[in-house]
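Following this line, the structures themselves.
Next come two complexes built around chain A: one with chain B, the other with chain C.
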Partner chain A sequence: MERGGGLVLVLLAIRFIGVPYTPDGFASPHEDKHKALSSTQLHPLSLQDGGDASVSTIFTIKERVCMAVTLDCATLTIREINTSIKRLALEGEREIHLIHPEARHNLGVAVFDPVTIVVEGTAGYFCGSMNDGATFHVLGNCGWSVGECMLNGEIVVERNAASGTGASIRGGTVVVKGHVGARTGVAQKGGLIVVGGDTGYMTGFMMQRGTMIICGNAAEGLGDSMYSGTIYLGGEATQLGNDAVISEMNEEDKRFLSETLAKYGLSHKRALADFKKIGSGGRLHNFSKADFELWRVAM
Partner chain B sequence: MCGIAGILFKQQEGPIGEILIQMLADLNRRGPDSTGLALYGNLPKGNLVVRIKVDEDARHESMNWEASLVETAQEYGKVRDSSRAGQYVRLVMDYDGAYEELTAALEASGEGVEVFSMGQHLEIVKQMGKARAVDATYGLSAIRGTHGISHTRMATESRVDISHSHPFWARPFPDIAVVHNGHITNYHKLRRRLEIKGHHFNTGNDSEVIAVYIADMMQQGATLDDAVRSTVTTLDGSFTYLVATSDSIGFARDQFALKPLMITETDEFVAMASEEMALRKAFPFELETREAQAREVRTWKLERAASAKALESAVAG
Partner chain C sequence: MDSEKPLVRYGQLWSPEVMEDVHVKAELGRYRIRGFSTLKKFISFDELTFVPCTLSRIPLEGYREQCTTETVLGTRFAKKPIVLKTPITIAGMSFGALSRNAKVALGRAATRVGITTTTGDGGMLMAEREASEQLVYQVLPSRYGFNPHHMRMANALEIVIGQGAKPGTGGVLLGQKVSEEIGAMRELPAGVDQRSPVRHPDWTGPDDMVVKIEELREATDWEIPIYVKIGASRVADDVKLAVKAGVDVIVLDGTEGGTAASPDILMDHTGIPTLAAVVEAKAALQEIGMDGVVQLVVSGGIRGGVDAAKALALGADAVSIGTGALIALNCNRPIYIEDYHALGTEPYACHHCHTGRCPVGITTQDPELMKRLDVDEAADRVANFINSMTMEIQMLARACGKSNVHDLEPEDLRALTLDASFVTGVPVVGTNLVFGRPDLWPQAHSNGHRDEMNHHQANGKQGKKKGKRTHEERTR
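Right, the complex of A and B next:
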């Protein structure tokens, strides 16, 4: 009875979603992805893993279609994990869970499909870096450079991250609910970085565009040599960086802050009235003899 | 690049060898050239343990280093135990004189002889190659103790050999060891200054200057804590380093926060490593971790129970 019911479910699911499982072969060009799906829709039981429609295989597919896919990092190399993520995403998987991440580096790098990846634990360096459209949820901590060079997408880290958080992002959003380390948002070129706690040395160094929200305190060098972009600081900066200046907050700033913090459940971290708006003083854009002292210090 | 790792059990002794080897095996990713440990345990008998490196090349094949070094040491104090393993001669002896004097005498007994560590509790073991190999040679996984610091080396500035490996002993101060990740860019200036004062450098490794500098500060009367704090401004370059004494471990991080350090602490122990991956290999349970901050200096001391116990066995021995 169970088996029959499972089969019906599978067939129904396949009709609407498409058979997700092709264990061999990595469909790289996007055109092939569409071809592959349509051919298997016509032959739902011709499983490309070479097996017949055995009980265990059917149950495997049933699980995979109804629930998120789980990858056990403890049994896989990083290359296998990342290859599987890309393949599964191309095949239409919506959610992938990585279990036993054990602070390993390079989890989920360069994912270009709109899939949700949940890291059930702590990630190492470069988690979700070079992301273009995926959504990451890290339930533990993150090492250095989470989301580095992201173009598009969203990464939310529940606890703390380390240095280089959101380095060089061009778009998308990186949220760390806890603390982050030195050089957070270095050379940011767009997008949004939100930090619920404190941040470290040289945060926002050489920022070019984009927005950063720090609810806690910042160490020395905040916004040092920034060209453009905006940093909202809730706590205190040990010392602002070269040519970083505080300016007036307007209604739009306050609305943006209020909405963004509420969206990520961070409204309780800092009262809106505490936030300061920090931007470039513009004095390092062009060399002027009159500003020689500033240049001397900046260099 | 290099990797560093440390462990301190607060109240009682623990499997420091196994924990450090597991962390080092993972950290060999950051440094495959050599692996070294500074282990602190209870001394069974005698009040000093000395680890001496001897050369194993063809010239010295016929030398009975153990006998030769025991003979030299006997002129200074009663040798209670001696052994030879790998490139090391280990002596346990009673000695109450000046440590520099004993060190110089032992090193004078032959070419290529270097005292790698001396102290009541400290034993430095370092060797070319990876953690599992060093463990196989010296049985380090089985060692229990109170605390230890360790290192995996990726040589960037100086020679790849056993002497240039970390940890470095802050000679002649017993029980002080240093492991370093980074590059001291004002090494030559500091070294010249320290050599003029009479300090001795065994190697061309810039990391060694940290140990010598700390020893120099302490000779001038500074506490270890003050000496370590001063390095944050005196040393130039990138550095995250661990320092250990007979009853404590600590770390210092440079002002640019260039080299990583993750720390985890419970009521029972504190452990730190360059990367969290290494901590997770050694401790297969959920950890609260944090990254050290720029310019941060922090030390942890053994709690009374452990040091009292160590003292007891040293005396009873």
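Right, the complex of A and C next:
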């Protein structure tokens, strides 16, 4: 293949794959020049072949290409992946792609830097958990408790997620465009959870603050024992939880729903008019013997 | 005796206490909630005695020879295990259950004597982090106030499955103690009767806990120890599952464990006594070859150095005190007596922590009541109490010929009752008889180092620890 044609192919590969990173740092001896490149300067970089670790040298142009760093999860331990993410973020990298995630658990735990992490596949448990300010984009499914105890940041899952989605988040946004499992947003303490599909049993259990949007249906126990917070439900609830009550939507609610769904490309999932607003009835805030039938389950 | 006045006879089944309980519930319409700990009598460390050295063993000279108390927790995986100067820690008690002054006083005392304090169900109070040089951060089902940044500021983490006062149940904090400050920390409306979930929000069983522990280790760069706290229930199974899940330290809280507010039926009718729990846990660790790899901390009714020494002899690596530390602060001290009366109680009998009207300013959020607890004086008292415990443990260890408190062993004990012998595998006083079923708890009813000693004897070497005999030798 002629050099020019090969260069084009390599540039395309770089555009979509990004620059691989090994835990020991860039393989290139020119890594210190990486950030100082002008838009027209050619820069030699080394690519590590994921199979036998052979190195081939190619050239790339920094301008107008996605210079995201990639981590090949298939060749790294979780410790190496997470250490690399944190080190790269500290060094100023702003986009990291995790390829071959293969549903590994604990990807991107406790990241406190404003970095974007793209999981090119399916993640296991606790993806993006305890994060403060990072952005995660999961292109596949997610296991249990994606984003649990998050303080700030954004997580978007393109497909489905399992139980405990957004468990106990205190801020930030967790979006799952498909379905989610049971106990979504359990003990939510702030932030926003958006689900494009259905949600499972006991969603919003003991919700304290924050907002949840469910475009699809909800299984039993929606909003059970909520202290406060708001759930917008587009579909039907099999059964509302203890002390969860439906109230009127106002213009502000509608505007918020419209803008949020549009932002995440979910406007087509459910008509605005279908949504119901669910909150705490307040009867479980302080024990009352007159409400025994309610309290016998809740206490 | 006045022959015209009939003798008043109170029943055992329908005692005055039971009748009063029915009267109260007939008004309340729910179960009763109170603080402190169980008021019932359980089998306890009082039913054991030490058999110190006399002629057959050589004691250590109490006033000259060293008896080491240093204790290390978290040696299994952590890069930075916890090092205690004495085998005592202060148990998890929340800011919310306790006042700010109480938490700070405990922190200062712990720093002074070289031990840890533990946060509680409500998150980390920065004032406690500043006061306590070694702070254990609890990860509870409620996650009230849980903050990953605070987690990274901690010296150890403690996953709470439950506590001895109410195993299998979530927490409660009545509305009078959910002040504006507490409500803000816990992201709750002020004044609500806070109910905590019993299950963790993001994981369910022991197989999930494996992943959760890895998550916490990843979040803290594998540096600090991970504890798990369990209310003593099915101890053997729970210990084995926790070890398999990858913990560094097990904190086992017997039914005598304290609480700021729990249903009183749980305090009195759930869980097993600490005496039995420590034996069962030690046997479980030995059975799976993790004795000495995973450390065991026991709590629940540890009243002083004697209880602590007996717990160490039965297999604990350290003890944790909660109620004892609060009493050292001033709990139940006969001051402000009129306020005890206003609660319907007396000093030495007060268990009204749940009301938020603590007369001595410990378990309250009322600023006026809290002022009654001077932080520095209270810290002095707690430090003095812990130092007294350390001296008591050392005294007993030296008397038993031990130069390290961790060398105390079941052989240093005798049971004063058949029940105690049955539960602990320790011979009854005056006999060499053990009343129990060695087949059920073979490790509990034998010398824990038997295999090691047999190995050394087979190779012509002396046993690692002096004076240790096998069960067969003791009962021959």
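Here is the rule we use: the second predicted complex is superposed on the first by the 232 of 299 C-alpha atoms of A that agree within 3 Å, B and C clash if a C-alpha of one lies under 4 Å from a C-alpha of the other, contacts with A are read in each partner's own complex, and residues count from 1 in each chain.
Everything below uses one rule, namely that a residue touches a chain if its C-beta (ideal position, glycine included) is under 8 Å from a C-beta of that chain, and two chains touch if they have at least 3 such contacts.
All values reported here derive from a predicted model rather than from experimental measurement.
When the shared chain is aligned, no partner comes close enough to touch A:Met249: not chain B, not chain C. Once chain A of one complex is fitted onto chain A of the other, the partner contacts of A:Ala162 are limited to chain B, with no touch recorded for chain C. Of the two partner chains placed by superposition, A:Leu294 touches none, neither chain B nor chain C. Contacts of A:His105 after superposition: both chain B and chain C are touched.
By the document's definition of touching, neither partner reaches A:Ala68: not chain B, not chain C.
Between chain B and chain C, C contacts the larger number of chain A residues.
Within the superposed three-chain model, A:Val186 lies in touch with chain C and out of touch with chain B [touch as defined at top]. By the touch criterion defined above, A:Val118 reaches neither chain B nor chain C.
Of the two partner chains, chain B is the only one touched by A:Gly200; chain C is not.
In the superposition on chain A, contact is made by A:Asn141 with chain B only, not with chain C.
Residue overlap on chain A between its contacts with chain B in one complex and with chain C in the other: 105, 124-125, 144, 183.
Note for the complex: chain A touches chain C at residues 78-79, 82-83, 105-106, 109-110, 112, 124-126, 129-132, 144-145, 148-149, 151, 164, 167-168, 170, 183, 186-187, 189-190, 205-206, 208-209, 225, 227-228, 284-287, 289, 292, 295, 298-299. Contact residues of chain C toward chain A in the complex are 28-30, 142-143, 146-149, 151-152, 175, 186-189, 191-193, 195, 197, 201-203, 208, 211-212, 214-215, 218-222. Remark: chain A residues 102-105, 122, 124-125, 141, 143-144, 160, 162-163, 179, 181-183, 200-202, 219-220 touch chain B in the complex.
Across the interface of their complex, chain A is touched by residues 255-257, 260, 262, 275-277, 279-281, 289-291, 293-294 of chain B.
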